[in-house]
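Next up: some structures, all given as structure tokens.
What follows is a pair of complexes built around chain A, which joins chain B in one and chain C in the other.
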Partner chain A sequence: MATGTTSIEVAAPTGVDDPGPGVARPGRRPRLMFLRNPKALVGIAILAVFAVLAVLGPWIAPYDPNQVSRDLLQAPSGAHWLGTDHTGRDILSQLIVGTRGVLVVGLVAGVAATALGVVVGVTAGFVGGAGDETLSAVSNVFLVIPQLPLIIIIAAQLPSAGGITVALVIGVTGWAWGARVLRAQTLSLRRRDFVEAARATGERTWRIVLAEVLPNLTAIIAAGFVGTVIFAVLSQVTLAFIGITPVSEWNWGTILFWAQNNLALQRGAWWWFVPAGLCIALLGMALTLINFGIDELVNPRLRSTGMHARTLRRRGIRPRVGFTPVVRAGRPAVETSEEER
Partner chain B sequence: MSFFLRRAVFYVFTAWAAITLNFVIPRLLPGDPVTALIGRMQGRIDSGAEQSLRVLFGLDQDMSLWQQYVEYWRLLLHGDLGLSFTHFPTPVSDIVAQALPWTVGLVGISTVVAFLLGTAVGTGIGWRRGTWADSLLPITTFFSAVPYFWLGLIAIAVFAVNLGWFPSSGSYDRGMVPTLSWEFVGSVVYYGTLPALTVVISSVSGWVLGMRNMMVTVSSEDYVTVAHAKGLSSRAVVVGYAARNAILPQVSSFTLALGFVVGGTLVMEMVFSYQGIGYTLFEAVTTHDYPLMQGCFLVITLSVLVANLVADFAYAALDPRTRQEG
Partner chain C sequence: MTGPVLEIRDLRVDYGFGDDPTHVLRGVDLTLHRGEVLGLAGESGCGKSTLAYAATRLLPPPGLITGGEVWLTDREGNRNDILGLTDAQLRAARWRDVAIVFQGAMSSLNPVFRIGRQLTDGIRAHRPGLSARDLEARAAELLEMVGISADRLRAYPHQLSGGMRQRVMIAMALALEPQVLLMDEPTTALDVVMQRQILEQIMELRDRLGFSVVLITHDVSLLVEVADRIAIMYAGEIVEEATAADVYRRPRHPYAHGLLGSFPPLHGPRRELAGIPGSPPDLQRLAAGCPFAPRCPHAMDVCQQVRPVLGPPRTGEARRVACHLHGADLPGDVAFPAELAR
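Take a look at the complex of A and B:
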């Protein structure tokens, strides 16, 4: 939440002059341009691997993650690729089976938060006046109140804080960021000519919102969604690590919970806590990369596609300020430099 | 309405919302854990304390919701947050007051260090875009995706268990009496280094990315080109023209990032058994100490609000446009 989406906010106010993000410019932008972005591609590939694990997890895991065996706290070996824990359970199986829990919670929380954010943000931006003031105040309040402690006290007081419950709690507390960014962008869209034209032809408000405004917010909504999923995954893993969610449900945080409570650190059992953390990092990185892809789609200045250090040197270009390599359709890489010397 | 007045009104409103949220949450959620606990404590809680618990958690069915709310405010204004179950009969406010300075110290110092460091590095990377510096970006991406507490675990495993450079838990040498002596302060610094370092490492990447993106955006502004055209040295352009403007969104996103950093630090305290609010909250959660939990949440939220207020005023001091508008 704090990282990938920053530039979108930056891009939003400047978007007044040029056509907004996602506006169809027929013939100029190749289709599926998003998929040509190497960062986004890598992200999607990693995410796809995890998605396959989430679906097939219980079938492809070598052991039952709860199955106790006599190999107590074994280092990685042929039989147990990632070793075993203090009761001889296979850690690789726990990781694979736990993937589903992590992804489902991330997805549900992301959808819930994005839906709330879109409703609040677009309404606030479009309606204006007192309604806007109220909704903005509410979302600012939710932005300022630290989310993790709020999630912790809600989840800790629920009688059973299972996966979906936690996902909904995260969704209900985490929508404000998206709402704020969407409101800013809606405000700038509201007075554009095409919206005025739709209004002049007598379209109903809900149709203007659905058919004219929302499609132009797609990129921002997507970025907000991905950001929320990252945050949801981190929060859920944290909750499991603290021991708030039931330990019978496997996710990566549960593994870390067992590791921390059974002195994995002091016993030097690195195979117990390192893989789970790397999985979280890898998933988070994949989502961040996807967000970079979206960012670069929205804000061309951030693109440096095809202009790596070596290319620059070969062409005798010294990277300096005020220099924006932009990739145009048709030509591989054309530099538009504002102060080439 | 002037800028300061508007912000003040907003923060008062937010504080009110947070306190009310604290009132509503235990009443909205199903189940009644507090009654069960009071039942278990039967006879060990004196009637006055039991009364304040009942008010704080809404167990008084014969009172209307509004009366409960008024009573709740009355208790809060007297600094009464109820009694802790686990540290019975210590008042929650005492426990929280003891833990707060540790957290404020840890979060405060490491956040300021991370902000300064991240902004400086981000300036460099944004300025030298297209060189080797860009290869630092994937590394920062990795660190921004790692949960704080896991980095804490790794730090303990490497620096405390394997290398033995730093202690793995606690906030000062238990053999010492907390006094204001050099020895004691040294011990606090020694014990605090590893947690603080971990917080800095995990939060710095957000600042680097933000500053880098702002530098890239700002550096194609006309005033930067003009500065170049005037023949100013590259250094003067970076510091005096580009970074100076690029830093403004950093300060304003400071307020947003703070809640996130605080959340991460709280969990970090749990990992390091650092005796701050986070560790207290963790203890409260594991022992189902509901009054302590609520108290921690309230104090954390109010502290974040105060920090936000400071950041907001700093922003207003830096950017005259905010003061003019409205």
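Take a look at the complex of A and C:
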């Protein structure tokens, strides 16, 4: 953008005409910015619904998910909102009870992988030299490990490979991509003037990393976290689907496992596999929407742009680079477009 | 022809669309005559570049034009308000009628294309009928015009020096023989020798091709040399506008006087250099009166309350100044500062 050089030339506030503490300073960041972003709000709402299901699942599920009944393979009805499976078990209950396993594995794996990735990536990027080489070599090795086969092998070896084990395996094998991205970004940040200045004033390394470098990485870390959570959920569902993890432990993949093994598709029992698939998609969407919100929140430039875009939409103005909108006071926006004349 | 080619009337620009936008331009009036070099000076953040970009509607978001008119007289003598043009008309008028040399001209060239191609791009867009040979010939002609030999057409930007790249940018701006050339600090990144060469070249081209120039810079000494008229901006307003010689020898506004006192004269007696105390005002919190009043050595009571309007001084000279000292109703008990009355 050639016109990018016209940055906002607002003069620095002078100390002389400070309005004092009682006057509201213009341009202050409004509270609860995050909640003003409709994308993030939708994401949080969906995630909150799943979180409530995860916590209260066993109590609010209408049936015991393992309880067999005489209603074999029933389509959705008043008694069974999402129908029943081949042994008459209630699918809605399986879905609700299974939510906890999915969310726990996703979050544990996400936190573990992100923490490892941040520690390895930022350290490698910041220390440089032999330490960087070693850590980079390690992350390169982890990068080429085929994750899913490894998880299958480990899960098959451990007799009681429950959700947490799977989560930890995903976390331990899934951090390398994030570490690489963070290392690259840290390398570029390390040479910036504000980091050099912090170094020159004698700041300790950990403080430079925490206070100067990490805030610049927030968006990448958040994106990595969300990506890992989605990947962990998919891995776990896959493992359950192919029957590696115990089929008695309910999660959305277990439902799909039973549906697949009992030819749900061929029998036309759509209520058996569609809801679980939709839940996976919804969870992924919610996390992605939250990621957009985080992006806007941590990037000051996107933040104001997003706010402005919303204000403009309300006033019916379309901001475009190269065609500055003309809005005369007291008159509606003049949208000069080709169709007009 | 000496009529106005670009008339800016009461142009207002806000940054930010929310509840309290920053008023960056607050009613700017400016007229550019045919063949004239108009200098626009002022300190950083006073709205010089914003004025140029707003007048061409190139201001990126969150810029918003909230009022005013920009009348452009094209070659046939038709007057059009740029702010009312449709997208297609605006695209057609740009480059053909108004061209801009940007602030960061050094990095405006695309490093992966030969400059010949970049020169012909715009011509091709505006005159689709031209043959490849004609385009090439025109590009060569343009390069020669700015003093680069035509065999450099096949050079990549990195093979040219900073000054040459700047000349290419100027050649590019002149490709469609615009009537108005807006130059936003075209020589800031160059050394003084190159600065002079390039500006002399522009002036020579101006004499030859007859376009008008708006030259934006904070280098007032440069403007004094090359501009016909100078407009001094402060806090989003024009505070003084007069011929270059008048501004240099007889500044009327205290701010203009301060600006001129801040660089050494090359000729004449040595004098004390003086800065302007204080710093530019916060455009989000401007007081009611004159925006320069807090820094002005001659501020009076009226300056704190009433915003001065840009108009001819009491003496009736052919210039405009926005200062109560030069207003018609100056209180009799105020000692008129001698340095503003030369």
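The criterion applied here is as follows: the second predicted complex is superposed on the first by the 253 of 341 C-alpha atoms of A that agree within 3 Å, B and C clash if a C-alpha of one lies under 4 Å from a C-alpha of the other, contacts with A are read in each partner's own complex, and residues count from 1 in each chain.
The rule is simple: a contact is a pair of C-beta atoms (placed from the backbone, for glycine too) under 8 Å apart; a residue touches a chain by one contact, two chains touch by 3 or more.
The structure displayed is predicted, hence computed values, not measured ones.
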{"item": "Partner chain in contact with A:284 - chain B first, chain C second, else both or neither", "value": "first"}
{"item": "Which of chain B and chain C A:148 touches, first, second, both or neither", "value": "first"}
{"item": "First (chain B), second (chain C), both or neither touched by A:132", "value": "neither"}
{"item": "When both partners are placed on the shared chain, which of chain B and chain C touches more of chain A", "value": "B"}
{"item": "Which superposed partner A:71 touches (first chain B, second chain C, both, neither)", "value": "neither"}
{"item": "Chain B versus chain C as contact partner of A:241, first or second or both or neither", "value": "first"}
{"item": "Chain A residues contacted in one complex by chain B, in the other by chain C", "value": "1-4, 6, 9-10, 14, 304, 307-308, 312, 319, 321-325, 338"}
{"item": "Sites on chain A touched by chain B in the complex", "value": "1-4, 6-7, 9-10, 14, 137, 140-141, 143-150, 152-154, 156-159, 177, 230, 234, 237-238, 241-244, 256, 259-260, 265-266, 268, 270, 273-274, 276-277, 280-285, 287-289, 292, 295, 299, 301-302, 304, 307-309, 312, 319, 321-325, 338-339"}
{"item": "Interface residues, chain B side, partner chain A - complex", "value": "10, 13-14, 17-18, 21, 25-26, 29-31, 33, 127-132, 134, 141-142, 144-147, 149-151, 153-154, 156-157, 160-162, 168, 205-206, 209-210, 213-214, 216-217, 219-220, 224-225, 228-229, 237-238, 242, 249, 253, 255-260, 262-264, 266-267, 270-271, 281-282, 285-286, 288, 290, 293-294, 296-297, 300-301, 304-305, 308"}
{"item": "Complex interface listing, chain C residues touching chain A", "value": "15-18, 20, 22, 24, 44-47, 49-50, 53-54, 57-67, 83-88, 90, 102-104, 108, 184, 235, 278-285, 287, 294"}
{"item": "Contacting residues of chain A [partner chain C, same complex]", "value": "1-6, 8-14, 16-17, 19, 26-27, 304-305, 307-308, 311-312, 315, 317, 319-329, 334, 336-338, 340-341"}
